[in-house]
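Look for subunit A in each of the two complexes below; its partner is subunit B in the first and subunit C in the second.
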Partner chain A sequence: MDLVVTYGLNFAYSTATLGLIVLGLAVVFGLLGVMNMAHGEFVMLGAYSALTVQQAGLPFLLAIPLALIVCGALGWLMEWSVIRHLYRRPFDTFLATWGIAILMRKGVEVTFGREYQSVDQSLPGTVSLLGIDYPAYRLVLMAVIVVMFAALFVWYQRSNTGARIKAMVQNPDLAAAVGINTARLSRATFVTGVAIAGLAGVLLAPLVRVEPYMGLDYLLSSFFILVVGGLGTIEGLITGSSIIGGADVIISAIFDKTAGYLGVLAISILFLWLRPDGIFSRR
Partner chain B sequence: MKRRDFIKSSLGAALVGALSGNAITSAFAAGPIKVGILIPLSGPAGLFGPSSQNCAQMAVDEINASGGILGRQIEPVYVDVGGPPADATQAALKLWKGEKAEAFIGMHDSAVRGALTNLFKGQVPYIYTPVYEGGECAAGTYVIGETPEQQLAPVIPWLAKEKGATKWYLIGNDYNWPRDTNAAAKGYIEASGGEVVGEEYLPFTADNFDSNLAKIKDTGANAVLITLVGGASVGFNRAFASFGLADSAIRLGTLIEENTLAGIGAENSKGLYSSAGYFASIDTPAATAFAEAYAAKFGADAAALNSLGESCYEGVLLLSALAGKAQSLSASDIDAIAEGTTYEGPRGQATMSNRHVAKDIYLAEADGTAFKVVQTFANVDPGNNCG
Partner chain C sequence: MSAAPLLSIENLTGGYGEIVIVTDMSLAVAAGEALCVTGRNGVGKSTLVRLVTGALKPASGKVIFEGEDLTFAPAHGRARQGMGYAPQEGVVFDTLSVAENLTLHHSDRSLERYRELFAMFPRLPDRLGQRAGTLSGGEKKILSFCRALAEDTRLVILDEPTEGVQPENIALMAEAINSAKAVGRGFLIVEQNLSLVEAVADHAALMDHGECIYTHSGTVNLRAELSRRLKI
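Our next item is the complex of A and B:
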């Protein structure tokens, strides 16, 4: 019974954190069609923001505004200098953002060094829940992610900006014709996407290894989730996260970690082959 | 040029080169000795490049200051072998035949070592320095890294007796070093009255360890032998402690050095032990002097000392000891006298035995993000690697 509860909570945790990681890419790739290969590097910058705040002896929560500012500013610069010239040229954005990703990794390596860093948990220890001990920070993190997604869902459905983004995504020319400044809206959307990636980095930093190459871990699984879930909807994002995360947790529990990884790859390939638009397609 | 002509003339050139080889070597005998130092400056192990290069350079400078090897100065040539074995072989071949390097010291993975022993075929002295799975016995090759026998034979019984480690869970990355280490571990665990309650191997890409931790908890293990490497070890150990498992089981790693421990973090390192031939915090006069000289030479911000980096220092010392005893740098002269050669380094005294070295092994317990040596096992035998 304890084992079932543990696996259940692990599944929920896995889904929530994957959803958090992929959210920024879902905005950038799902809405703007920009295949941002530097997505993981923005997560990494978020983690280093948490490290910087810790090294300065400041409270952990200050890392959130720091990461939003750093990633937002860098995202703005990246959109202005490179991305805006490459909209609707997916292969070119792919190469350009991969180059930027390398630059970001090397930049962090020069500043902080190649070595592993450790960000402390602000809530160490475990909490007894349904008969098992589960890490306190994870439980809080899951709650925060659920609230964040709910707020985002409501905002995207109800707000004017949400409606403008939807209009722009469906038909950019028509949206521009009815007076939507699509250039500015695209830039704002891109900056929001990478800032969310930075936020994910801050929140995950106490749980994961922190080093200049950590972003690569998050890139591949993010694309898998978008392939399975489909682009452009929050429902798709959550479904994709739970299928990818769930397959890994369940198959790893029954067999081993290698089988879990194979399962994730097999599911992604099957979706690309049989259902390339994913489960929830906006088309 | 026709292919056959090309082959003929190349063979001819090679023959002339081989015949005149001795004459050229003796004519330049007074010049410096080129030593190829093969270390990872890129790739996953690139983290250890800077400390390896610093340590090797320190040994070279010290030996050169006291007259060099056989009266000749050492000229180190650093080569990046962080890539695939084929690239490393190419670089080593160029250095050996093109630049006439007379000896090689390598701190890299076993795949590269296998390719290099095939290339050198015992014709040039080659010293392999990092911790590894054991079993290398090629002519002209000398190994100073820790073998699983050295790291585990004395340590597992000690942990059983002092820390009550009886139910072991073995977890590692999926390649030969973890598998061979665990194969050796099983024998020592049984001999110490313990049992193995689980064994698992993870792909290098693993970054979520929740299912493994659930299994470890379910088996009631009170000791975990960790042969995960680098980032996987960091991620696993962080998650292990966050689930509160550090209170119910001790952890023993055979490749948890100072960098990995820094990544694991102070709040996750309770009950974590590491077994190795070197720690930056070894408290012997030789090790302390070495650490002080390193800090003085490279400054406080230099790459932190660790067992892999320091092994390059030992590698240069061994080369000097072998050449001094043989009064030659030729591979066959050195091979004839290698057995029983001793040298003194930061690790203590080391004695060549079956192409490996018998040496002291330290068991350290993590104290925050530093290691504290809790037990020293003197002059541990490397085991039979030439069986």
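Our next item is the complex of A and C:
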């Protein structure tokens, strides 16, 4: 029984954290169609924000505004200088953001060094739950992610801005004709997406190794999830995270981590082959 | 033209990239009047509208609205300055509900401004919660027409508003346009349905090969003159 609870919680944790990681890319790629290859680097910048706050001896929570400011400002600059010229040209955004990702990795490498670093857990210890002891920080993180997703879902479905984003994504010419400033809304959406990636980096920093190349893994996982779940819906994002996260946890537990990666890759290839729009799709 | 021009199109030339569709068009719309632009399919009527609304950038010429040069103003800026627009294609946001289509550009999200139009087109308020993409082609046109008309704009630009709309609803559209004209709103209407043109036009322009080949003021002999030139 304990084993089932442990695996169940690990599955929930894996799904939640993957959902958090992919959320920013779902906004940028799923809504704006920008294949942001620097997505993982924004997660990495969030993690380094947590590291910077720790090295300065400041409270962990201060890393959240720091990451939002750093990623938001960099995202704004990136959208203004490069992305806005490339909307509706996915392959060009792919190339341009890949170049930006290399620049960001090298910039962090020069500033912080290449070595692995770690962020201390602000909530150490375990909590007894359903008969097992489970890390407190993981439980809090899962709760935070669930609340974040619920808030975002309600906001996107009910707010005027949510309706305007959907309108802009579906018919940008008509959106502009009714007075929606699509250029400003696209920029705000892009900045929000990369800021969410930064926030994910902060929240995950105490659980992972922090190094300049950490974003590459997150980028791959994010694309796998979007391939499986489909673009443009929160349901797709959660389903994709569950399938990718679940497959990784189960296959890794039965065999090893490499088999887990292979399993995830095989699932993604199958989806690309048999159901290229994913399970849920806006189309 | 009896009143000062609300919209002046001066020697407007443009199209898609290097391909010029509209050549040297000059037209004017006065407050409280409707200018109907007609012509066969593919003569550049919708391109003209897209140049005026800012969806396309002109190669030369000017678009003056209420004395201000808006030739290169962004499309959303023109809408905010008082230029309402219902396009010919992609007329609604398919994935949004009918209510969202009518209110997303208003911060108060109130449907009160549609009260009179809802009375005219009662199927619309019955379908507020329905996804706009599931409406018929004619219903989408009516939704788009109502959205453009209910906005508090001095000028309304309608591109083929009657396409797929039932004749009795076309008559109601004409009634709504004439009511709006009576309170001083101007209309630029691209239309091939001569019944609507005859019912609302104060002036008409006929296009061929991207140029204006004939203009007509008043309603006397309007239909006969346009029909003759259109070879109907």
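In this text, the second predicted complex is superposed on the first by the 283 of 283 C-alpha atoms of A that agree within 3 Å, B and C clash if a C-alpha of one lies under 4 Å from a C-alpha of the other, contacts with A are read in each partner's own complex, and residues count from 1 in each chain.
Note that a residue touches a chain if its C-beta (ideal position, glycine included) is under 8 Å from a C-beta of that chain, and two chains touch if they have at least 3 such contacts.
This structure is a prediction, so every number in the text was calculated from the model and none was measured.
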First, second, both or neither for A:137, with subunit B first and subunit C second: first
First, second, both or neither for A:115, with subunit B first and subunit C second: first
Residues of subunit A touched, compared between subunit B and subunit C (which is higher): B
Which superposed partner A:210 touches (first subunit B, second subunit C, both, neither): first
Subunit B versus subunit C as contact partner of A:235, first or second or both or neither: neither
Residues on subunit C engaged by subunit A in the complex (per definition of touch): 53-55, 74-76, 79-80, 85, 87, 90-96, 100, 103-105, 107, 109, 147, 151
Touch list for subunit B against partner subunit A, complex: 46-47, 50, 174, 200-203, 205-208, 210-212, 214-215, 217-218, 231, 234-235, 238-239, 242-244, 259-260, 262-268, 303-304, 369
Residues of subunit A touching subunit B in the complex: 2-3, 6-7, 10, 13-14, 114-121, 124-126, 133-135, 137-138, 207-211, 213-214, 217, 248-249, 252-253, 256-258, 260-261
Residues of subunit A defined as touching subunit C within the complex: 160, 163-164, 166-167, 170-171, 173-183, 282
